[in-house]
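Working notes for the structure below.
In this document, chain identifiers A, B, C and D correspond to the written order of the chains, with residue numbering beginning at 1 in each.
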Amino acid sequence: MSILLAMIQTLLFIALAPLLAGWLKGCKCHLQNRKAPSLLQPYQDLLKLTHKQPVVSKDASWLFIIAPYIIFSATVIAISVIPLIAVDLPTAASADVIVLVGFLAFARFFLALAGLDVGTAFGGMGSSREMTISTMAEPAMLMAVFTLTMTASTTNLSLAIGHVLAEGLELRPSFIFALFALILVAVAETGRIPVDNPATHLELTMIHEAMILEYSGRHLALIEWASQLKLMLYGVLIANIFFPWGIAQTLSLPALGYGLLAILGKLAILALVLAISETLLAKMRLFRVQEFLSFAYLLGLLGMLSHIILEAAR
Amino acid sequence: MIPAYLLLLLPLLGIVYFGLLGHKEDVGRQNIRFNGVTLFLSLWLAVNVFNSGSLISAGDYFIVDSFNVYLIVLTAFVGFTTSIFSAPYMAHEQEIGKLTVNRLRLYYSMYQGFMFAMYLVLTTNNMGIMWVAMEAATLATVLLVSLYRTPESIEAAWKYFILCGVGIAQALFGTILLYYAAIQISDVDNALTWSVLYENAKLLDPEILEIAFVFMLIGYGTKIGLVPLHNWLPDAHSEGPTPMSAVLSGLLLNDALYAVVRNKMLVDGATDSHIAGYLMMGFGLLSFLVAAFFLHRQKDIKRLFSYSSIEHMGLMTFAFGIGTPFATFAALLHMTVHSLTKSAIFVTVGHAAQISGTQSIEKIRGLIKTQPQVGWGLLIGTLAIAGFPPFGVFASEFLVLLATMQSYPWLTPFLLLGIGIACAGLFRNVQPMVYGEKPEGQQAVQANLWPVMIHLAIVLWLGLAMPDFLADWFTQATILISGSAPL
Amino acid sequence: MEIENLDHYSQVILSLAALVTLTSFIMLAQGRLLRLVFVFALQGFMLVSATAIAAYSFDNPHLYISAAITLALKVLFIPWMLRRHILKLNMHRDVEALSNKTAIMMGGASLVVFSYYVLHPIMQNSSMILLNALSLSLAVILLGMLLMISHHQAIAHVVGFMSIENGLFFAATVSTNGMPMVVELGVAFDVLVAAVLFGIFFLHISSSIDSLDVDKMNRLNEVDQ
Amino acid sequence: MILFLAYAAVLFSFLSGLLALLMRQRCSVIKLVHYCCTKRLDWQQRLDSWLEQSIYPQRIQQLSFMLLGIAGVFAILAGLGGLISKQVIIAQLPLGLPWLPWHVRFDSLSALFYLIIGIAIFAVSWYGPGYVKDNNEQDHPFLVLGLFSGLFISGMLLVLLADDAFFFMIAWEMMSVASYFLVAFQHENSANRRAAFIYLIMAEVGAIAIILAFGVLASFSEGGAFTFEALRNATLSDTWASVAFVLALIGFGMKAGLVPLHVWLPEAHPVAPSHISALMSGVMLKVAVYGLIRFSFDLLGDIQWQWGVALMILGATSALGGILYAMMQPNLKRLLAYSSVENIGIIFMMLGLSMIFLAKGHPSLAALGFVAALFHAFNHALFKNLLFLGAGIIQHQVHSLNIDDMGGLIKRMPHTSKLFLIACMSISSLPLFNGFVSEWLAFQTALQVGVLDDAVLRSLIPVMAAALALTAALAAACFVKLFGVMFLGLPRSRHAAKAEETQDKGMLFSLSLLAGLCFLFGIFPGLMIDLLGNVAQPLIGHGLPNATAAGWLWLTPVAAEKASYSAPIVLLLVVIAGGISYHYLRRDPAVALRESDTWDCGFGGITPRMQYTCSAFTMPFRRIFAKVWMIDETIEKQPGAMPLQVTDIHYQLHIEDHSWPKLYQPIERSVNRIARSVSRMQTGNIRVYLSYSFFTLIFLLWVIS
């Protein structure tokens, strides 16, 4: 039963990710006084892409072709261990939060390699920048996540969220730090303003887009989908770790429905916040990103220290 | 006792023989034969001592105990293998016109003279004769140092002569003081006989003996090459013919140290102050460290290894100075392995110099490419002398360290510092010589490398597994010197 | 013990000791080689006299032999040989300019004091003559070294070296009535050989560097040029 | 039995070295063969033809490597036997000093490292024949290579067997010296000579420190004995124990390549033959780790938490420093060498963590950290061997080690590239591969910091965990660069364009074997971790009871509810997800691929020179961590050149390690300075020499009276 639920949850996650992207785009358009495309536009894009014939450079190797599948499935593994609508998730046991970070790294590894495969300057540039940013982001993310896992004394996300829920509403200074750290990391990792601009194709500012410049057709669809999944993944992480309320603690249908609604609501709000911030902020220069991320790291570290010193001191 | 007499007689004959017939063709081989027979005699002697303990000749003129018999065997052995090396070496020198027949005659005659002096130093029971023999060894070798008659070699020989002469004169003064102390307690005839003195050491006036020891140490220490009395040593080693350097380094220094240790035994018997030990430790450590630094600046390959001899003699002096059974054992072992290794190295060094026609380190290159055996011999010999296991030098250095750690732990860092610096100094010079491409015009020479292999094999063997009889032997010598067995 | 209480033998020995030391001082200050050799022979002669007197007063016949050897070697042979070399190498007109002669002499004087200082404590329970004789012979040895340090002619070095030997012999004779005969003979043999070798070396050196100035023999140094 | 296997491994590796000595002795071998089988003429003939003149050297090489392989098998068996049976076997060999025969001890710790070495040399034995086949016997004699390889390997194995300080040092130095010769093998290059010299000197200094460390222990042991048994029983004060520990740390750290003692490593590894660098990097460094574990956990006994802190900080410095230096290297093997520094740093961090927990009285967590360290050591041996061996193949084909000369090799060398990719993924600690598991364990250990009382430690350890995370991320970036620049893109040089896959099956087999093991232990880490628990048990006093408590599929180091990882299930999920997406998307044949030119922004003519190079890729890192290196960057523009005329711009980049000028050059300079002033003593003037003697005499007389 619970395994079935896990599968449903994962599928739901995969299915909802483009929707979140659509919603985010919609919000941004409204904020910027533009006419918004339909909420379902990302689905149409993906569908269109999957039916197009992919064009592959003749310099590309097999790695270029299988990379999208690897990236997509690694991202799927990562999302499959995050409780979305119900706390009790059996897959969470097989891969804890560190493995989750590991799979994100896995996906990135291949994405960066794929960027280098064709041998264009853009691809190399994108890979180099992507690896730089993620190198800085990864420790910050682990710091933030560790704050949670040390509080819950488990790295199993399902159990950790359960722990937060069971504790009830407690104001933990460490969580505040960790939350901000995670938000900063999420912004960086998903390539949003001010770190990267997902809408740009101006070579000097591209990061993510530079790497996937050569992709087309279904390959591009998979990569796009994976990056939408990643965006949602961070959203769900933030929403369910720091604001777990509403998530289904029992396996009854109403509870699950309620949980679905709750997560949709939370994600909608988060996306709105993101859209606002993207509207207000401008993209940073590349070499200011490190300051941004070291600030995230600092926040994560402070979160950890405040957990150790303020909350668990004996 | 007969082998001991024969041992002394044969080199004496050798002096005359080569003095008269040294111009013959196969003189090198004759020399090998002479030394081969002495080696055999020394082994015979060793067996005798091994079976029946210390031997003292009638009239107390000679003494052979476990301490000196092993040095005798060592001397005979190194003398023998060096003679094997020297035959083709000197023939080559003659071929290229560096030597005349007459000088070759002088060389072989004095080779035997030197061996005679060495055996006399080792076997005599009389401290005065020991001095005389020691001086005779200098006299025998001084002309060999200047054998090539280059300005440098004459300079070196002169320095060797004067410095060792003046140095050893001080040892004579020490001997006189010893004699003076001895005639206070015993009759005149036997007053310089070591075995008598040793038995009565407790009765000797400690203060006189201490002063006497200072003179002895300065005197014989000059021959050992203790810093700052060492200045003659690198000159003499580098300018003479290489077989001479091999025996000087491998034997003469040992025998001088032997003389010091004999005297130290007397002083230790007379006084409890351990002053002799402290002096030796001080000199030893100083030599060890200073020589290690000297190694870094050498331009001449033979000078390089003569400094390494100073370094090792320093270490032995230091170990004998500590004086515990352990340290003494280590020093004895070190004496053996150092002699063997160093003479092996000088053999390869000699060939290396012949290969490239120069002793200048900067010009010797690519030995392994030119003549692999010589190159590898030099490299492995250097490894052995630098104290890398599994060669015996490591074992003895390890024991010295151990002994130091037990008695004077704060001195161990200095020792280790010296070992490290010396190793660096050796290799920064040796490595460029053996490795790399060979320069133009460098050619292989005829060489007999059996001595090198045998020496290094023995050193390796000692490092891996010391045979029981040798261990017993060293232990007996240790008991003799320090009073008790190690462990 | 005052000197007037000593027997004549001791008085003579002490006087000779003083004279030997004096000759050492004279040598130390001497710049001309021929005179140096002459003074050296004189010192040898004092030594011979002391040995002979010791032999006579202790009735020790083997000391006569020792005296005879010394006479032959130190008074006759070696000075003769040195003189011949000096004349042959045309050095008899050379005057060695000693730098800072006064300081060297003062240094020599303090060496005498030092010898007493060193040997005094160990000789407390022996006779005064021994103390004096040994101290002076030590002083002679040290002065010999000082001579070698201060002079830079090879011949002067040989003289210094031999005068060290003189000091040793003096010490041996006076303090211990001579060493055992074998040793004496051995030492004498060594000295003889050494003297011969010195002669050979003079030739080699002068042919290789055109002089006997040891300061010019410094090819084998390791100082940065 | 197990000990017999262990001896056999030593013996066979030794024999393989001796066999190499026969390289030039064909005649005598033939004679011997004839003598041995006088009765069987047909055998004789067969052997004759087998040992024919032209192929004789190859036969010897093959035989020598075969013996090495047998040694490897024995070592693996002995290792497994020791690990499974948990026996402690003690013996003595009739060698050594008269009163100190060689003591031998084979316990589970030795067994583990035996296993590591065994696997490595087994792989190398398959790889070797193909690698040395084309060597010119005159210039690069196999005689030397084979002999010292054999000695090197038997030295390493003997280190693991040693049970007294003397034997240990002999074996240790045998390992160092033999590997010194191997580093100097291609000695016509000045880089080899320089590297060999530095290596030898540092090995010597390290050995000295180790001897001192043993000496400190021995002086507190009963009767100054040097057997490990006596050293174990030595009771010494905290201060002295710390002194001994610091000395051991310097000694073993020097061999292991801890920053700042690592400088020999990036010099020596690149210049040695590849299979030797594989052994040095993959295995010899582990022997140093073994030494430190043996010394501190076994001999010293009472671990102090300060040591752990020191190890963690040093380890973190090495890890970060190593990977950052590695990132900047354009030389493939140099990069790998620096990456070894990084991994050793990680291992030391984990050991430090273990020490802290042990000293603070949490043996089960200590065991966890310990197991993590050992497992990482094991993993590193696997993938670093793989990388170095791969590098050897590539060097053969491309004739260069410069990464910027490669490119596009994935198409020319498909097999090598795949195996290399696996290694890169393992070393970047990506999930599903073994590198990840050990790091995961390390994180799990670090996360248990809550049990400690000490607030300083509790805040320090998470910081270290973050450093570990940063290291892993940097490693990923570094190896993306490596793989990307080497294998992907367009060929950057003529040689790279013409490179071909190696034809030697043995070489590929050895790579595949290692890659397979990397994957196997990535998926089923439980296999190894159970065994590692047996190692921890006697040393820490606590095993890992829960590691696979939830079944063989699961890894639950602390407790199932605290953390769990099931690589098989994850793998299954990956396969499902990948399979579904692949299947779904590929089902329509109408949308098959279309090949076309790379998009060139409409300018036309993409050339290989437009690709991102090694230094271009790492430029952001160079900007961000600028202080870590000494960067010497010059851009020269030709006068009068057009502003955008790139051909007229000359760019030069030189990056150097700080430790060299800051630490070693001063030492070198001061030694030279002292030597210079000491040698002033040798003035050449005899009167000066006489005055030395004179004043020494006066001085001594004055002292004595």
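Keep this in mind: a contact is a pair of C-beta atoms (placed from the backbone, for glycine too) under 8 Å apart; a residue touches a chain by one contact, two chains touch by 3 or more.
Just so it is clear, the model here is predicted, and its values are computed rather than measured.
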Remaining chains grouped by touching, subunit D not included: A | B, C
item: Chain pair with more C-beta contacts, B-C versus A-D; value: A-D
item: Separation of subunit A from subunit D, taking each centre as the mean of its C-alpha atoms, in whole Å; value: 36
item: Centre-to-centre distance between subunit C and subunit B (centres being mean Cα positions), rounded to whole Å; value: 31
item: Rounded Å distance between subunit C and subunit D, as computed from the means of their C-alpha atoms; value: 69
item: Between subunit D and subunit B, distance of the C-alpha-averaged centres to the nearest whole Å; value: 43
item: Junction residues of subunit D - those touching two or more other chains; value: 676, 679, 682, 686, 690, 693, 697, 701, 704-705
item: Residue list for subunit C, restricted to those that touch at least two other chains; value: 118, 121-122, 145, 148, 157, 214, 217-220, 222
item: Multi-chain contact residues (two or more partners), subunit A; value: none
item: Subunit D-touching residues of subunit B, taken from the complex the two chains share; value: 158-159, 162-163, 166-167, 170, 210-211, 214-215, 217-218, 222, 227-229, 231-232, 234, 275, 279, 290, 293-297, 368-369, 383, 386, 388-390, 394-395, 398-399, 401-402, 405-406, 409, 412-413, 416, 419-421, 423-425, 427-428, 431-432, 435-437, 463-466, 468, 471, 474-475, 486-487
item: Residue ranges of subunit B in contact with subunit C within the complex; value: 126, 128-129, 131-133, 135-136, 139, 142-143, 146, 149-152, 154-159, 161-162, 165-166, 169-170, 172-173, 176, 179-180, 183, 188-189, 191-192, 205, 207-208, 211, 234-235, 238-239, 294, 297-298
item: Parts of subunit A lying in touch with subunit D, wherever the complex brings them together; value: 50-59, 61-63, 65, 69-70, 72-74, 76-77, 80, 91, 93-96, 98-99, 102-103, 105-106, 108-109, 112-113, 115-121, 123-125, 127-129, 131-132, 134-139, 142-143, 146, 149-150, 153-156, 159, 213-214, 217-218, 221-222, 286-287, 290, 297, 300-301, 304-305, 308-309, 312-314
item: Complex interface listing, subunit C residues touching subunit B; value: 118-119, 121-122, 134, 138, 141, 145, 148, 154, 157, 161, 164-165, 167-168, 171-172, 175-177, 179-180, 182-183, 186-187, 189-190, 193-194, 197-198, 200-201, 204-205, 208-209, 214, 217-220, 222
item: Subunit D - residues contacting subunit A, complex; value: 407-408, 410-411, 421, 425, 428-432, 436, 440, 443-444, 447, 449-450, 453, 455, 458-459, 462-463, 465-467, 469-470, 472-474, 476-477, 480-481, 483-485, 487-490, 554, 560-566, 569-570, 573-574, 577-578, 581-582, 585, 588, 590-600, 606, 608, 610-612, 616-621, 623-624
